[in-house]
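Each remark here refers to the structure printed beneath this line.
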Amino acid sequence: MKALSIRGLRKSFGGLRVTNNLNLDVAVGERRLIIGPNGAGKTTLFNQITGEITPDSGSMMLMGVDMTDVPSRHRPHMGLARTYQIITLFPRDTLLRNVTLSLLGLKRTRWNPFTRLEALDQIIEKATEALDMVGLSDMAHRPLSETSYGERRRVEIAMALAQRPKVLLLDEPYAGLSIDERAGIKSLISSIPRNVSIVMIEHDMDVALDFADRISLVYFGEVIVEGTRAEVVSHPRTKEVYLGE
Amino acid sequence: MWATSYLAMENRKTAEMTFWLLLTVNSITFASLLFLLAAGFSLIFGLMRIPNLMHGSLFMIGGYLGATFLGGMFETISFWVGAAASAIIVAVLGAVLERLLLRRLPGQPLAQVLVTLGISFIVADFCLMVWGGDPLTVPGPESLEGTIAIGPMAFPLYRLAVIAIAAIVAIVLWFLLERTRFGAMIRAGVDDPGMARVVGIRVSLLFTLVFALGAGLAAFAGVMAAPILQVYPGLDQYILPLALVVVILGGSGSLLGAIVGSLVIGFIYNFGQALVPELAYFVLFLPMLLVLLVRPQGLFGRFEI
Amino acid sequence: MNSRTIAISVALVALMSLPYWVDGTYYVNVASQILFMAIFALGLNVIAGYGGLVSLGHAGLFGLAAYTTSYMLQIGYGHSASIVGGLFVGLGSMAIFAMLSLRATGIGFIMITLALGQIIWGLAYRWISITNGDNGISIHGRPAPFGIEIGSAESFYYATLLIFVVSFVAVLVFVNSPLGAALKGTRDQPRRMTALGYNVWMTRFLGCLFSGLLTAISGILYVYYQQFISPQAVDLTASAEVLLMVIAGGAGTLFGPIVGAALVVIVKSVVSGYIERWNMLLGAIFVFIVIFMPDGLVPGIGRIFRKFSVRKRNNQPQTLAVEGRQK
């Protein structure tokens, strides 16, 4: 069983083919890096995996379960979590509230109109733990708007991990971070246990290269090179794509 | 005896046919007025992404201005000059309102919509203050008085003229949008406002001009409508939802959508009025329902509302 | 006992003793009006302030409940049946409204609710055989819950106050609940909420139902207060007024709609004595508030209070968040 298995994915917008017969297999526990020039269709790929965009054709399986026709709001319940290039959290809410919302998303109690949210001790406790794991529990009651970008990225990852996903998609997690912040995020990501399979899109190859078990190079909506770091770096097509630009 | 009953039957058939034909002509006339109103609304909505809730009041004040120019003071003014004057005054008013008020809230469509709503109340009450509470009748142009005989039936000349004028305006607008640089800029702005700015299109100036154009069209529609609907307080609230439904149905930012939407609504509303007068407004509910359930961006919409 | 609890207690005492310290029936009636309009505004605020779904057709729903109750009374049903009928129709139409309006987001929602509200107004105006058109429907008398007559201004005031307090508590509970938090989340980041596993549509729909219930309650109170309903209560101006109450007071806050309702009702009563141009004033206030004070009064006053209590560095999670503006 693969953590993520994509076959023959195709998507066009008008006349523009953004995903072109894309195939991808990610093993359970693997760390996969997706690279490729701008506009290659990497984020669009993520958007189709999470279901925000419906592919024209092809199939997707998550932990052996077909999710091609599953509505996007159900996929987190299947074990899929994601972070975004641009951080879109809840700036007027505290860090604790942000993480709590994430935990609630998978629970029945999100429909409850009666009980005070703050009184749901179990959830509040778990949220505090999640913040603790990313080293932000002392800021639990600070509004998100009063935190730095690096701290917000950590909150976002905490929120994703709080849902105990099986597959985590990280979309350019290092974008917009300072050198120190990058080091922090890097160590955070490498501390994620291996029962979570991770697929990361990243531009900055230096930072990401020692993260990956395998790398997939996406160009014009399809995977043209795939393999270990050494294999990809030395592949002629890789040089073509990156130097030919 | 057979001859008289045959004649009676023929007369009834002719009477019925006349009824349906007149109803059809009236529907197309009403659709033409709606088009004049909805075209401007759709342009503004398409470009600026705000439904201009003062469009109804601009229509109304256009009608009132028309009544003033053509009724009392300036009796010798030609209908068309009066209509043009009204349109120009309201176009300027629109431009001023856009620059003074809407410009203060860039990128906040909700706030802009609420401002247009507030202004619509101010304009409506202003009209009440100036022109009073009684409905005003506006005479149509003398040259178009009376009826024209087509076959065995007589059609009111003015209503046919309204249809012709709306068709001309539609063609002019089409030409403007498809064949001029100004139109290309509008279309670019409708399709991708961010990109349009990047490419160097003076989007803020475009906004003012399009808003003025829309306002002028609305006022022109108001004057054209005045001989048929009269002008009275509450006309704005009566006509605005019709324009809204036309755009919801036909799709935003699309000229073809405005045409088709106006025709559909014109027919449904007129036939509804004639056949089920108590539920006339309510029958509009049905095409709206259908469109929203099946195709939320409208028949020809460029974007989802 | 913090300052907020004290303030609320004082307010409650003042409200409960109101008929004794205001001068005359007129003011008691104004107070009743403020209270049921506050319920109406609280109802709109649930979706407009907390859900980010601005409706310009809420007077239509208000009217549907009011007309249903009036019509049922007129054709001979008793008070209980008429009230239940009004609530049922109000809630049912809100469900239909929501299913249509939620097909669009943001601005589209406003357009559709406006059109729907006007269609209902058109019904009220034209369907003369049922609604009596412009002449409206008059009703006589008020219900006597548990045998207590509420015909007088004071007794009606107390009945309204009771219903108001219950409604307010319901909104308070809802806003602080998980569903309330989810609704606020869908206002701020609908895309992210879906990615977190929430059903954004259903969350909004449930919020709409709650809003519809409060709206129906206020509509029925209105009709029993006025003993009359006409299309005027259902038109665009009425929808704009209740929206103004929400915005002027502070959308997305608990007390904002109450303050807004008081403001609009008082200004309207005072002003209509002097000038006939209420609509123009309403429009001008609208424009002013939207441009210069978009957050409304309550957050503004809150800011002033916080400046004066610098010592209390209270990092309480904000459940009374400031207005969620549409993106």
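The first chain written gets the first letter, and so on, giving A, B and C; residue counts start at 1 in each chain.
One rule holds in what follows: a residue touches a chain if its C-beta (ideal position, glycine included) is under 8 Å from a C-beta of that chain, and two chains touch if they have at least 3 such contacts.
In this text the structure is predicted, and so the values were computed from the model without any measurement.
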Chain at maximum distance from subunit C, centres defined as averaged CA atoms: A
Centrality ranking, top chain (CA atoms only): C
Contact pairs, highest-scoring chain pair: B-C
Centre-to-centre distance between subunit B and subunit A (centres being mean Cα positions), rounded to whole Å: 49
Geometric centre distance via CA averages, subunit C-subunit B, whole Å: 33
Computed distance of Cα centres, subunit C from subunit A, in Å: 41
Residues on subunit B engaged by subunit C in the complex (per definition of touch): 49-51, 53, 101, 104-105, 108-111, 113-115, 117-126, 128-129, 237, 240-241, 244-245, 247-248, 277-282, 284-285, 288-289, 292-293, 296, 304-305
Subunit C-facing residues of subunit A, complex: 50, 52, 72-74, 76-77, 81-82, 84, 88-94, 96-97, 100-102, 104-106, 109-118, 120, 141-143, 159, 163
Complex contact set, residues of subunit C against subunit B: 54, 56, 100, 103-108, 110-112, 114-116, 118-119, 121-123, 125-129, 235-237, 240, 243, 247, 277, 279-280, 282-287, 290-291, 294, 325-326
List of subunit C residues in touch with subunit A within their complex: 173-174, 176-182, 185, 188-189, 191-200, 206, 210, 315-318, 321-322
